[in-house]
Structures are given as structure tokens and as C-alpha cells.
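Just dropping this structure here.
Letters A, B, C and D mark the chains in the order given here, with residues in each chain numbered from 1 onward.
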Amino acid sequence: MKNTFGGNVTVTLFGESHGPEIGAVLDGLAAGIPVDEAYIAEKLRLRRPAGKISTARREADPFRIVSGVFNGRTTGTPLTILIPNGDTRSQDYTFGPVRPGHADYTGHIRYSGFEDYRGGGHFSGRITAALVAAGAVLAYALEQKGIRIGTHIARCAGIADAGFSERPEADIEKLNRMEFAVLDEAKGAEMRAAAERAAEEGDSVGGVLETLVTGVPAGVGEPWFDTMEGMLSHALFSIPAVKGVEFGDGFALADMRGSEANDPFVMRDGKVETATNRNGGINGGITNGMPVLFRCAVKPTPTIRKEQQTVDITKNQETTLAAGGRHDPAIVHRARVVADCVTAIVLYDMLATRFGPEWPGGAD
Amino acid sequence: MKNTFGGNVTVTLFGESHGPEIGAVLDGLAAGIPVDEAYIAEKLRLRRPAGKISTARREADPFRIVSGVFNGRTTGTPLTILIPNGDTRSQDYTFGPVRPGHADYTGHIRYSGFEDYRGGGHFSGRITAALVAAGAVLAYALEQKGIRIGTHIARCAGIADAGFSERPEADIEKLNRMEFAVLDEAKGAEMRAAAERAAEEGDSVGGVLETLVTGVPAGVGEPWFDTMEGMLSHALFSIPAVKGVEFGDGFALADMRGSEANDPFVMRDGKVETATNRNGGINGGITNGMPVLFRCAVKPTPTIRKEQQTVDITKNQETTLAAGGRHDPAIVHRARVVADCVTAIVLYDMLATRFGPEWPGGAD
Amino acid sequence: MKNTFGGNVTVTLFGESHGPEIGAVLDGLAAGIPVDEAYIAEKLRLRRPAGKISTARREADPFRIVSGVFNGRTTGTPLTILIPNGDTRSQDYTFGPVRPGHADYTGHIRYSGFEDYRGGGHFSGRITAALVAAGAVLAYALEQKGIRIGTHIARCAGIADAGFSERPEADIEKLNRMEFAVLDEAKGAEMRAAAERAAEEGDSVGGVLETLVTGVPAGVGEPWFDTMEGMLSHALFSIPAVKGVEFGDGFALADMRGSEANDPFVMRDGKVETATNRNGGINGGITNGMPVLFRCAVKPTPTIRKEQQTVDITKNQETTLAAGGRHDPAIVHRARVVADCVTAIVLYDMLATRFGPEWPGGAD
Amino acid sequence: MKNTFGGNVTVTLFGESHGPEIGAVLDGLAAGIPVDEAYIAEKLRLRRPAGKISTARREADPFRIVSGVFNGRTTGTPLTILIPNGDTRSQDYTFGPVRPGHADYTGHIRYSGFEDYRGGGHFSGRITAALVAAGAVLAYALEQKGIRIGTHIARCAGIADAGFSERPEADIEKLNRMEFAVLDEAKGAEMRAAAERAAEEGDSVGGVLETLVTGVPAGVGEPWFDTMEGMLSHALFSIPAVKGVEFGDGFALADMRGSEANDPFVMRDGKVETATNRNGGINGGITNGMPVLFRCAVKPTPTIRKEQQTVDITKNQETTLAAGGRHDPAIVHRARVVADCVTAIVLYDMLATRFGPEWPGGAD
């Protein structure tokens, strides 16, 4: 379904980096859900470039909700958010040599040469602002129902952050206020320093994002195809530069034995829980009531100043490219807000599919 | 969409482990595609248990195609494959103590206690026989169009296989004839020995599957949501025990710099290619014409003879469980056939979406 | 989505007239819904040919439910019904001269000559047996929730039946036991006589079906696209020979004035109702709590013994055709069972979409 | 899927009558399709109120395409059209007494009282401007491929127009330039006079629209569910006030015999055609290459000045209502533009599904 995601609650993305506006349409929401514009603005602020390791492009992201909200609550009809593009420098982008690791070449083939190539067009990370705005509406609604989502930079430039603590909800609350979201701030400082060094060398760094969701009830997801893992990964791979997704202990499970990988079931306060959470809160594609935990591998930003070998597709000729324009030497800290919001989109839809449209987030 | 996957070409799965029949409906196929029953039978044979490290359950898998094929070719109407269940021992399964790491508990919550719990019911790995049969129809059609899919056991019980060689199509051909598909047979022997040791100890092992697809044209996939990575991972997480999916160098990309992770574009024989393939043949969610490469983390089989702590959900009481019944101490070698067939399902659908229903596999 | 209908609760149809089996997969059902096989058998019996005005083909329709039901209730996983084909005479069907008014020609073009042309193949009215079986499961579930569906032959061979009485639920109960469902049995006898006369002349007759649904709650349907009228008509046009669908007073509304066509709102026993029901229980695409009422125009059966002008598509040459084989001179009485079941499919899905999967028909 | 229609080419509608902007997102278009803004503007002009029998509300409809078009051609990414709302008088709308025949009551129930009730909100005929704009993009693309759509007011206030002539393409060309589209202008004058008389009496009139499409190739549509009739009717019932849809001779077929209703196949210039077109160009749900012909019953505009009995839903009390605000005593002439554009949406999607995204309308 191309630029629409979801079964019962859908998000449709549109816009190009250098067009007048980008945006998203959220459909299938119950009527009466409170919409907090300040919450959306805060998520957009956290996604915006900040500091030395982000592009110099500055965008205030003054979004407008043009439909679907009346007197501060959803009407149940499509909710549309528009975000004007400002501060674009189309002249920085010339067409011809395609950026290695980027979608320039594949977009050119996919769209037969008719793509809007300016600033990455519809492929630009800019579009994630619309994704974040839509996801923020749902993340806020989920919070009202006791479901909380938080992501930290588990790894950046080869430096590892600490893991989530015994009090994950406090961790999440803290992370959601941070511009460079780490659990161990000393490690965060090291990461930033490493990213700055890469930037000075005209290069970029990648990392790993780890997301934790608390409060997800058991019994959400399907055994085949629309597994919780399948639905989340489907959407998470839309975050530019994500090249891997793993749940619970993920790839590390491959080297374990069953007796080690299985999470024993225990009774706690009259409730079934698991003693460990190596499966990331999911068994057989369905949530088991434990926190949902997963990690996304984020490759280093493909656009770099350093000279690279490439091809000029207008001439079908080899050439080199040292990218001009404004770019992020690291996007992992911005991508984590996108990860949070994409997670909200998937979870909200799956909860609405499992429990009906009035849950979660319907009028109280 | 629950038990249906796909946009233009869809697969609908049905059946329970101990019901009379399982099956699949393939819809949206072009008319006139040759259907080779021997090819399907061979894929089913490779999926079947074999040797010491597989369950003792024996099934001949004598499938029947009951609709959608006429005179050896697709009619363009739904193609339905039925596989009778045989050799079931329902009495081996008792309901109460849920197996750690398995879907017993989550299925019970998801289906409110009405699930068919015998032999894992709809959650059983048995259902993958239907998935394989449906995927085999498409894998065969893709082969006619020059697209070849092969998977090897890149890792099992901590032992690593060799990687794909410079001649990947020869590798694929060889793998598709092997019951325990590895590129280095000495390593394969070590893996099997390790799995047998685990079995003797009442335990199980996991592994990593690596899939390579050659012949995929550039320009397939969407920039948002229906990315090639997102679509493949969506379906791959349906393979029981898969807990991670990564493309190209995947999680290893997170520690690289951009100058290292980017695949330089080069001209080869007048065609744009990349010098390396760290991105697994996909840029910006769209294929770039290089082989598509990805890996799935397969956790160890959750059902083991070893005693584990768990809960009896009929009594909400802690207990222990040493699983009876017949189980696989390793499923990685069987799962690889499922990986091939799931890959065929996703690719066929995406190619039909990109190029229209008559491609690929339409009447020649 | 081709042979699948529905959003949350889906029906997938498969099979050909002369294949071994036809069937349907019902997915998205809540777990715990009682399934009554006798109820399904009765609907299949009513759909079967009976008397002089139906084809001589006899089918016992001994369906099998092969998945999704355990201990008499739905498991929540796909429910598959298989119906074997018996008593087929493939030799009666020769390929070449296409039947006017039938799908022979369009099917040949649509499926590029690879269609299974025997007995109409996938186009055969035979496939409606699977549609009826699937719809019967849902009709039964709806009845448990107080929603009742009934259809009468409002018109046949130019003869009009009486309309629904002031006690529509009693009418529905009576209709659902009748093989030739009319409200005025004297008119029914006239209709049958007229159909028999047409049959003697090698010709066929058509008619109009009128369906009434009681107990549908207000607030179901969407203002755009997935209107109640749009969803019902989408599915109703699948009933072979249906060429028109109208709601409430339908085409007669076109000649009225607004003051006449509008149904005044009134309070009855503290509940909002309408004094009349010219809009068929639907305003703005959404149910208003009054009975849902609509009519389907059924054209006369296209296959007739009378000689007709046509084309032999194997020779691209004009010819004449006097159809052999066994055919129904009237199908309106059989189609009404299909209309009931198709209505159940659409309503069940829309109710599940509006109120969540556990409603209606979830375990009590 | 609520406010989204289509399988491969989708239209998503959003907006409320008194919100800042309404709009539509068109997704799934091939890249390189020429987009003619003047053509869109002309369709919007024809939809706009004109003359005595339309609401006094005046809107210039200065739409903006904010994404998906680059250098006058589609980019293949979502095409978004925004239309600002102007000249709204929210104070004319008070909430309480619901308009008979309108969606006020059902919308209130459907959206739990959170609906934007001003000017009909998301239910307003105003939203059809977005539908027309989106459909106009596709209608233009279809014209480039030789497919032409035209609708006339076959009936209004009980007065019948002439039918299509032997030269339907000339008829269509003429109709598409007319504000009150009839084939017999004398009859059109009578219709307008009758509508004006109704308006003077505070009442409204309805009618029947007849749509003809030439140039549709044979073989488009599916035998079950996604029949050409089912898909068209699904969308056509979204046109406010449509209560019936019939194809070819529609309800009149019900009284014919098979020998009369069947269209004989003939050879014309080496091509298979039908001698008559009583089936509206569709057999078995699939186009047969003849012009596609159907009619929509449009009920009289529900909002009238005349006093009507109704209920005040804020008090659950009977009351009367004489609607203030600005309303159309007839909408049939405006609805015909909507019918054209909805037809374009459905056909384009079905053609793209049948023949692949690059057809029709891909880059030449």
C-alpha cells in the first residue's frame, strides 16, 4: 500500500524535501481522543537538528492540523497535519552523480527519471517530520492508556550505552526529555565526540537504537504474517538507514541453547510473567505482557563530504563525488524520535485491531 | 490482515497441527504460469524432519492442488493447496503447563481459551508446510524469470559456515539440493554433532540463516513503509523462532563509518553496479540490481525435554515442565526452506506490484 | 483484493465448477463463536436446485470444516470450509461459441485463454455454495446477537410479491424456511408457473430480490467510500446476474421531493427512530437504527436452450448457440439465499470494524 | 479502509466543511503522467454552485498541489491536493435538531458526539471538491489513453432527458462543457424550471445520472467481489444522495427474458462486439469492450427550508426544523461531475491493477 501503513488506524505520508509542504493523514482514530499540540511540537523539536553533529538546516516545524480535530479532540474523521518546508536551498543539489549508500540511484530507476531529486525529494529524512507528527498524536494517546515508549542510543560510533535499568518507566521519562538520548551520559559525551571527529574528517557514524515499551497488554499480534515482530519491523525499516531489527536478545539468541533462551513463566502478584525477557515480550508473534524490547541497526549517514567513487547517471559514466549541501554526520539521535513515533503508529494500530477502535485512547 | 500476506499476489494460510488438513490459497497470480508439482514436492521433502536432530513425526505431505490450475498452468483464479495431516498423537499434548518460549501462553490469551491447543494448533511449525507449498509455486515461477533464491545455515550452535562464494548461483543450486544446507560441509558436520549433543542433554540449539537472491531487477520497493527490507522482514518474522532480521552487513554497519558502509557505484559492462554489497542490494528501501542478501536469527527450539520452570494456566500456579511429545532439537535446517519460500512470496508480490500481474511468471 | 472480501473479517473464495472441491476461508473471527453445522447445511439446502425450474444437477453439498473450529466453537484462527464437487459432466461443455450474457468471453480475455472453462469454471454459480457456507457461519453468529436477515422474491417474470408486513421479524422467520421465498404464496405460484412456461420455450426469467435486516445498531458505516450502501453493493454485485442495487425507495426517490423523501425523526419509547423508512435505514452512509432495506435486480439466467447469435472465439467467427448442459430457467429463488449470506458477510465485517472483533458473536 | 479507496491507485480524502482546508492524497500513480491544472480547475468549476438552483455559497476553489508533481508530471510519489475553505458561516449552523434525510443524526452516533457539526463537517458535500480534484487528475490521464467519461442528467424532477446517441464520444465532449449536463437542452430547461419551482416552495428535487465510458478494454474486473459493478458501485455510493446504482438496463432486466436480456456477440471489423449493450459493457463482473454504462439514483437534497418533523438530539425531544443556511434545491447537476471523477478513480485503479502501474497514463 505504498505510502500508507496500518490496518485499522492508518498513516499516509506525503511530501518532498523541497516542496511547499509535507504532511500526514491519520485515519481510523476513535472520536474524542485528546490531541496535545505541545506534545507534538516537543517531539518535532527533538527530531530537529541540534548541535555540531547535525545538519545546519534549521526548521521551526510550525505544523498545522487542518482536519480531524474539533475542540481539542479527534472527530473520528481523518486527521491531517501539514508542515511547511522552509530554508531549502535547491541549488545545492545537482543531478547526475548519485550518492553511494543513498536512494538517488534506486529512486531514479524506480521513478523512471521523473523523481523530484531536490534535497532527496520524497526520500529525504525530512519526511520523517511528518511521520513524527503523526506518531506523536498516537504516542500521546497511548500514554493516556498507560503505554510508554522510550528509545536510547544503545551504541554509536562503536561506543556502547548502559542498558535499561530496573525502573524502565523512569528511564523512558528521562530519555524523552533528552536531545541526545542515552542512559549513561558519560557514554553519550564520548559518542558525540566520536561523531564530531568523524564530521571533521568529512565522514559519518552509525549506531544502534534500543526501544522499550511498557504497559502493552498480553495477547496482541497474530501467529502468522501480522506478528508483533513482523508489523514493527515492517514499519521500522522505513526509518532511513535502518538495516537490521532484532527483538529481545535477537541475534544473540542464535548461539544460546533452548534452556537459556526460553523465559521461564512465573506468578507475580497473581499475574503470569516471565522471569527473564530474552524474547522481548513476544512469544509466537504475540505479546506476553512483559515490556516489548527491540533494537534497530542504523548505518552511518550515507551523504558525506569525503570523496567517494560513483556514477553519473545522466552520462552512465564513473566519477567521484564529495557531497556539498548540509548533512548530518550522525542521525542516530534524531532517528530515535522517529523510532518512538513509528512504534506508536504500529502499536496503536495493533491495539485497535485487537480490541476495537475505541481502545486505546477513545473518549474517557 | 491476519493470515493473509501480500498486496497483489496474496497467500492465505489455514489449518491446525491436529486438524484434518492444512493449506494455503494463492490469489492474484497471472494466468498461464506453469506449475510444477515435483518442484513443490521437493521443497516439502526438504522441509520435512530428517535424521537424528528432527522430530520423529513422519509426514509424507501428499498435497493436492484443488483449484486454480488447469492443464498444468495457473488459471489466474485462486490456487488452493491442501495438505492432509497424518500421524498425529493428540494424546501427547496436555493442556495446563505452558511451554516457556513458545506461544502456548500468548495463544491462550489471544484466543480467550478457545484455541486448538493440540500440537500447537495454528501456531505449530506444521503450518509452515502450507507456507512452503505456496511459496514453492512462486519460487518456481521466479526461477523461470531468472530469479534464484538460496539460503544456508550461516551459523548453528555457535559454529559458523563459510560465506557465499564469487559464484553465488552455483552455491544456490547446490544448497537447494541439500537437506542440511551449508556451504562448508565440514562445518555442517560440526553443527549437526553439536545439535545432537544438545538433543542428548534434552536441550536445543539455534542459528542464523543467510539468504541470497540473484536476478532481482533494480527499482523494486517503496521509499516508505513498503520498503524491500520492511516487506521481507514482515513476512520473515512469521517463520517460527526468527527473532532478528538484518540486510547486507546489518548490525555490523552500525559500527562502520559512512565511507566504509557506502557501496561505491561502478560501471560494469555498461551497467550500473556497486563495487561492494554492504547494503544487501537495497538502497532507500528499493533494490539496486545487486543480489539481495539478508540474515535471520533463529532462536533455539523452545520445546525441550529438559525441565523448565513455568505456570499451569488452568490453575494459575507455578509448576515445572519437561516436554513430552516429539520435537526438533534444531529447526534451523528446516527453517531455511521456509525462508526460501517466504522470500519467494514477498518478492513475487513486490515484482507483480511494481511491473504488473503478468510479470513475472505470466504465460510465455 | 480479488477473491477476498472484507476488512477485519474476511472471506476468501476458491474453486472451479468441475474441480475436486470448492471452498472458502473465513478469517478474523473472534474466538469462541458457536458454529452450527445444521444451520449451514440448511442454507446450502435452500441454495440447491429444486423443482422444475432449476438445473437437474444434484449436489448433496456435504461440506467439511477443516480448520478454525474446536469443540463446536471458533478458535479465532482461519475457518476453512470445503465442499466437494460431485455429479459433474465435463463433456457437456465444449469450448468455442461463447454464451451471450455470460462470462465465457470476458473470462477468456481476462485469463488469456488459460481459464478452466468446464462448467463455467471459477465463474460458475456453483461457487456461490462456498459463499453461502461462509455467510451462514456469520448469519448464525449475527442471529445470536439479535440481527436477522431475510430476502423475498419481490418480483419474478414480471409478477410482484407483496411487501414486508408490519411484523418483519415474523416475515423473515417464515422466508428462511421457504424454498421459493415469497410473502404472498399465490403470487409465488404465479411466478413459478411463468418460469416454467419460459423453460418450456427454452428461455429464462429474472426478478428482483428485496432484503430486510432487523436489529442493526445505529452508527455503522463510513461517510466516504466504506458507506453501508457502498460496502453492501460491492459484495452484492458478486451474486451472479445482479445488475442493480438500490436502498430504501432507491430509484423511486429520484422523482420525489425532499419533503417526501426525507424520513422524519421521531421519539419512540425514548429512542430516536424515523417515522418512515424511505432511506432504507441508512443516512449519509451510516445506519440509523431502522431496518436496513435494499433490492437487487437479477437478470434472467443467461444460459438458455433457445438458439442465440454468438461468436466462436476459437475461430473468431460468428455462429449460433443453443446451450446444452443443465441450466436454471430462473435463479432468483436460489440467489436469495446468496443475498442473505452475502449480507451477513458484509454486516459482520462492518460491525466488527465498528465495535471491535469481539463484537458481535464473540464468546458470551 | 475508511477514507481511502483503491487497491493499487488510492485516493485518501480529508477535511471538514468549515476547517481551513480540505484535500486528497493520490498514491500509487506511475511516474511521468502529465498533470493539467487547468483541467482540474475546469472540473472544480463545473462542480461549483451556479445559478438559482444552487446554494449561494461561493468558492473559488484555488487548489494547490503540494506534493507528487515535478515539472508538470507525476513523480510517482503521493500527489496531494489542498483546497482552502472560504466563505464559511459557522454561525448558521446550530446543533440540536437533526436534519431528516441527512447524516446529522447518524454522524452524531457514529462519532459519539465529537463530530465537527459545522456545515455538515466531514459529511458535507463540500468534501466532494477534493474528490473531484483527485478524480480529475485521473480522468485527464485516462483521456490521454483514449478512455472518455461522460455523465448526463437522465432524469430530474420527474423529467427525462434523451439518451446517448449513436455518437457517444461527441455526446461526452459536449456534456463535459455544460454546467447543466443534458443531451436534450429543452428537457434541461424544463428540469431547471421544475427545480426552481421546488426551491420557491422551500423544497428540493432529485434525479438520475447516467454515465457512459468509452474506450475501456475488455478483460477488466474480477469474477467475485471486485467485479466492475461492485467496485464502481462501492465508490459511487459515496456521492452524497446516491441511493441506487444499476448497470446497462439494470432493474429493467428483471422483467425481461434471457433471450431478450442477453447481448448477442457479433464480429465487427475483426473484433468481437455485442450487437446490443443491455449489460452495460460488463459480463460476469468483467468488461467486454463495449462502453460501460450505468445510472445512479440521486435522492432530492435533504436540507430544505420547508418545516419538517425531527428530534433535538441534545434534548432527545421531538421538534420541527426549517433549515436556515445555504442549500441546493437540486444537486444532480453538480453530482454528475462527482460521478465522472469517481468513475475515473475506480477505472484508473482497476486498469492499473489489471495491466500494471505503468498503464494507463504512464510516461509515454
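Rule of thumb we're sticking to: contacts are C-beta pairs under 8 Å (C-beta built on N, C-alpha and C of every residue); 3 or more make two chains touch, one makes a residue touch a chain.
Keep in mind the model is a prediction, meaning the values are calculated, not measured.
Peer 1: Work out which chains are contact partners of both chain B and chain D.
Peer 2: The shared contacts of chain B and chain D, listed by label, come to A, C.
Peer 1: Relative to chain B, which chain has the most distant C-alpha mean position?
Peer 2: So the chain farthest away from chain B turns out to be D.
Peer 1: I'd like to verify one number: the distance from the centre of chain B to the centre of chain C, where each centre is the average of its C-alpha atoms, in whole angstrom.
Peer 2: Going by mean C-alpha positions, chain B sits 39 Å from chain C.
Peer 1: So the centre of each chain is just the mean of its C-alpha atoms; given that, what is the distance between chain A and chain B in Å?
Peer 2: 27
Peer 1: Report, in whole Å, the distance between the mean C-alpha point of chain A and the mean C-alpha point of chain C.
Peer 2: Taking the mean C-alpha position of each chain, the two centres sit 46 Å apart.
Peer 1: Among the residues of chain C, pick out those that touch two or more other chains and give their numbers.
Peer 2: Chain C, residues with two or more chain partners: 1-4, 7, 13, 77, 110, 122, 223.
Peer 1: Okay, in this complex, where on chain B does chain C touch?
Peer 2: 1-4, 10, 12-16, 19-23, 25, 27-28, 30-32, 64, 66-68, 70-71, 73-80, 82, 110-116, 121-122, 362-363
Peer 1: If you look only at chain A, which of its residues touch chain C in the complex?
Peer 2: 7-8, 77, 223, 353-359
Peer 1: In their shared complex, at which residues does chain A touch chain B?
Peer 2: Residues in contact with chain B: 1-5, 7, 13, 98-103, 105-107, 109-110, 122-123, 127, 131, 155, 157-158, 198, 203-208, 218-227, 229-231, 233-238, 240, 242-251, 253-267, 270, 272, 274-275, 279-280, 282-289, 297-304, 306, 308-311, 313, 316-318.
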